[in-house]
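Read the structure below first, then the notes.
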Amino acid sequence: MSLVLDCRIVSHHKVALDCRRLVLATPEVAAVARPGQFLHVRCNGTADPLLRRPFSIHDVDRERGLVTLLYRVVGRGTALLATRRKRQKVNVLGPLGRGFQVPLECRRVVLVGGGMGIAPLFFLVRELAVDLTRAIWVLHGARTAGELNFVNFGALPVHLRVATDDGSLGFRGSVVGLFKELAPEVQPDWVSAAGPTGMLRALGQEMRRLGLPGEFSLEERMGCGIGACVCCSCRIGSPENWNYQRVCADGPVFPAGEVVWE
Amino acid sequence: MSAATAVEIAGIKMKNPVMTASGTVGFGEEYARYLDLSSLGALVIKTITLKPRAGNPPPRIAETPAGVLNAVGLQNPGVEALVREVLPRLACYDVPVVVSIAGETVDEYARLAARLDGVPGIAALEVNISCPNVKAGGIAFGTQPDMAAEVVQDVKRNTGLPVIAKLSPNVTDIRAIARAAAGAGADALSLINTLTGMAIDVDRRRPLLGNISGGLSGPAIRPVAVRAVWQVYQAVNLPLVGMGGIMTARDALEFILAGARAVAVGTANLVNPGAAGEVIAGLARYLEEQGIADINELVGAAHRGGGGSRC
Amino acid sequence: MSAATAVEIAGIKMKNPVMTASGTVGFGEEYARYLDLSSLGALVIKTITLKPRAGNPPPRIAETPAGVLNAVGLQNPGVEALVREVLPRLACYDVPVVVSIAGETVDEYARLAARLDGVPGIAALEVNISCPNVKAGGIAFGTQPDMAAEVVQDVKRNTGLPVIAKLSPNVTDIRAIARAAAGAGADALSLINTLTGMAIDVDRRRPLLGNISGGLSGPAIRPVAVRAVWQVYQAVNLPLVGMGGIMTARDALEFILAGARAVAVGTANLVNPGAAGEVIAGLARYLEEQGIADINELVGAAHRGGGGSRC
Amino acid sequence: MSLVLDCRIVSHHKVALDCRRLVLATPEVAAVARPGQFLHVRCNGTADPLLRRPFSIHDVDRERGLVTLLYRVVGRGTALLATRRKRQKVNVLGPLGRGFQVPLECRRVVLVGGGMGIAPLFFLVRELAVDLTRAIWVLHGARTAGELNFVNFGALPVHLRVATDDGSLGFRGSVVGLFKELAPEVQPDWVSAAGPTGMLRALGQEMRRLGLPGEFSLEERMGCGIGACVCCSCRIGSPENWNYQRVCADGPVFPAGEVVWE
């Protein structure tokens, strides 16, 4: 079940250069949202920009009926969203999409987030961490240290490792490089990842090499967000035999081994 | 209220003049949770072809000022899947279902019409002769009067259903195409389909859409669409379905006053899945406020200089 | 910086590729206080006719989503006033002045060209064959290849000045018109003029514009304009001036990458009288940031798949 | 001289149902503005709505560098403008146009404002009232009393008369009816007026009948606002011999006797 709702802004803060954390009061969404799902957000009410913008659900507070988004200001839509203030309303559609599905039998789970890909992984960690017998690693990559410090995994029972392109914090290099370094030691049996296409593609190659199963959250430009317009296609299957599936409705999370890169 | 909004197009009795524009609500079901499908004047489902089509490579959609470029490429499961799976499920809604058809040859159109003839649950066929993404020998059927007429004629020959021809705005004179379609026996005309457009991704220095060009829709094209309805209303004596950038009841009224007996909501559905319902409610409210007993009185009223006075 | 942005169109040497679109800055002078006219690549002044024209009844402008409809009706003081009063005053700016001309018959175009031949202070003629508001026998010259060719040919015969033909987007195939104009000797092509559109005033139940229909411009039409430039770039080997909804340097780059050697800023001037200057500055900044020595390298680059990579 | 400026909002208040008073900090405009001139305002920064909106200058505080606008929320542009808050910026172009020009020799001046037409008359009163030897009447018409009380002429040496369509305050009927009633007693030698077309047309007839000179501020849909696009035409001259003039540059104030109504 998903809804179109005018949600009150509970808080809206800059958490890093260009990054905002937006907390919305929406008990309806909070009650049913699953990690990996997204909200389709109207950034303002005019015809320009016209389309909604998809953002992963970053966190949910079921008791207080709150849903948090974490987003980077990259273009016009997000710039307009960033001007919205506490107590104003934002129109959202959601929760949408098919989220992460970490198999119960997997006990050593690695979550890999590149850049804003970390947003949905936080909510996923919260859900996975309910089962304390599972070991969880979070690998978070960013260009530089300043882009890492706004997601606070501190209170959660996870092993957090960070990578920065400029080496200003943690591993110097890409988060896939970090994954390669850690994999032999960690011996994961499942990988859930979100981030830029280039990162996911490289991670997929590495996972294939290691014979590791997992799932990727994909991004594509969207129209409706609800599966009707077939604008958000990605190729799913094998390189020889794939078909177009809808990121918004069949995904955004797909089995890692079935994503066929363009 | 509902009596005041009822209209008839090509023999299809509709509760109100508001239809969905083909391709923007899929086969309707995804929208059922946001919109009471039975409240629609008619449900026009996405264009179907003889064989399943995979569609174009992504990106398939780009946002432009007050508009949207799409290059879906008529992805659809083919007519057999439509008949087997989709239409039976739609039967549970109390709404006329209009099936949009397209082909790469005149023969494909004719075969589609024949295949759908007698299939239960279809109120009419909409003949999509205008989709800019289908390269049938390079140019679209809908851009040449003789080709448009041939398609409509062959579809009519192969079906007992009412036939709505959907016109393209990418022409020098849309009246000529309208006259050709009317002459070939079309029972109504839908206008307009998308304008051909494109966007360049400045960062990549490449066309943004996977298909290079796409169809422009949304509020940006409304003035072009209203003009097309206005012109065709004067040129042919057929009921018109107006569309292009309708977001609100007021937008719909522009089309109705210009000569459209019905309207279709397209891109607005992508932005607001309840849009068509809001347009329906808004029209009913307008009639009430203005004390108009029958919406048909408004059809083409702007040509007659009727109502309101210039002040 | 200025060297990097210099371009040449039809023999006109321009400091940068940014021109004004005809009709949107009048004869330039009203803008002189907001914009250093000498900083422009070229100043294209409003279309002039043989005799003065009073123009259309108001309202002449309507706002549409991300666009503007205008029906000015080529109000202008006529060619004699231009030569006597306007051109001498423009001589004090260090900018190539392009004079846009229109007529109701081929002969009027020819006589305008002859009258302006040898007049000092003119860098080129732009032949407006596409204005949708002029009803010359009902259809616009710019919608028929043969008529377009005839106008361009007769203008060329009567002038030693470079001739830029300005094309209309209201056609089935703009490449055919472009080829006709090129064949007739045009030295460059401007594209696009406005799309024909209209708006209905729902309260009055009448067309909003005094002239009923008007020309649609602004960001709304940019995708149509970029597509036109892309298509014509592949069809003819002439320098192109791209326009339609350019508000920023990034918009201008879309046109340049699609194949335009120069661009014109139109409706943006109405919104922000400093717009052209901002586009010029933005292009220079882009070249610097990207380390591009010559803007000509970018012309049509999106066809070559050059630069940037898909990621 | 007119300018394009980003002006800070000093205050922005609702003064009646649908009416707002907007005070902008703009010493440049305040220094040179004349009554009857207008500002061309961008209601927001996106392409929808695209065009600026013209508003008469309602008041000027030269010392503090403030310019006040008084506007009614009628459509999308004004609705968006109404959402702007204190300390935000509004982009304006102006002051534009040719304002009121009450001849020095006219000593009994009647100002007639219909609806929001009162906006520019306030600024005009301030200017005229500097000369205390001149007698000034202000006739203000509105639909109902609630639409009158937001312009405070109290401190100014004018005779204020009001008319309401519903008779809820002052004269019952149109402001032109009020004018007709008062004219014999007042014996004006000049009329400056602003308001809806219908009102100005009726007032013009009455003035012609009485042989009274004066001036009208006209409204027309605008593009550039600076005289270049010739979109804002009105007919000026005589019914037999008129030409199109530009409301934005040749007006908005024109000699009453020369306005030719469509």
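For reference, chains read A, B, C and D in written order, and residue numbers begin at 1 within each chain.
One rule holds for everything that comes next: a residue touches a chain if its C-beta (ideal position, glycine included) is under 8 Å from a C-beta of that chain, and two chains touch if they have at least 3 such contacts.
Values in this document were obtained by computation on a predicted structure and should not be read as measured data.
Student: Going by the touch criterion stated earlier, list every chain that contacts chain B and also contacts chain C.
Tutor: Both chain B and chain C are touched by A, D, going by the contact rule given at the top.
Student: Going chain by chain, each one touching the next, work out the least steps from chain A to chain D.
Tutor: Minimal hop count between chain A and chain D: 1.
Student: Quick check: more C-beta contact pairs in C-D or B-D?
Tutor: C-D
Student: Taking each chain's centre as the mean of its CA atoms, how far is chain A from chain B in angstrom?
Tutor: 36
Student: Report the inter-chain centroid distance for chain A and chain C in whole angstrom, where each centroid is the mean of the CA atoms.
Tutor: Spacing between the chain centres: roughly 46 Å.
Student: Mind pulling the chain A residues that touch 2 or more other chains?
Tutor: In chain A, the residues touching two or more other chains are 47-49, 262.
Student: Give the residues of chain C that touch two or more other chains, as numbers and ranges in rising order.
Tutor: Touching at least two other chains: 65-67, 218-220, 310.
Student: Between the chains shown, work out who touches whom and classify the graph as line, ring, star, complete or other.
Tutor: Shape = complete; every chain linked to every other.
Student: Spell out the residues on chain D that touch chain C in their complex, using ranges where they run on.
Tutor: Checking each residue of chain D against chain C gives 1-2, 4, 42, 47-52, 93, 220-224, 226-234, 243-244, 249, 262.
Student: Report the residues of chain A in contact with chain D in the complex, numbered from low to high.
Tutor: Counting only chain A, the residues touching chain D are 44, 46-49, 76, 80.
Student: Tell me, which parts of chain B touch chain C in their complex?
Tutor: Going by the criterion above, the answer is residues 64-67, 69, 139, 143, 170-173, 195-207, 212-214, 216, 218-224, 226-227, 230, 245, 250, 253-254, 257-258, 298, 301-302, 305-310.
Student: Name, in rising order, each residue of chain C that touches chain D in their complex.
Tutor: Per the touch definition, chain C meets chain D at residues 23-26, 30-31, 33-34, 54-55, 57-63, 65-68, 70, 72, 75, 218-220, 247, 267, 269-274.
Student: What residues on chain C touch chain A, complex-wise?
Tutor: 65-66, 219, 310-311
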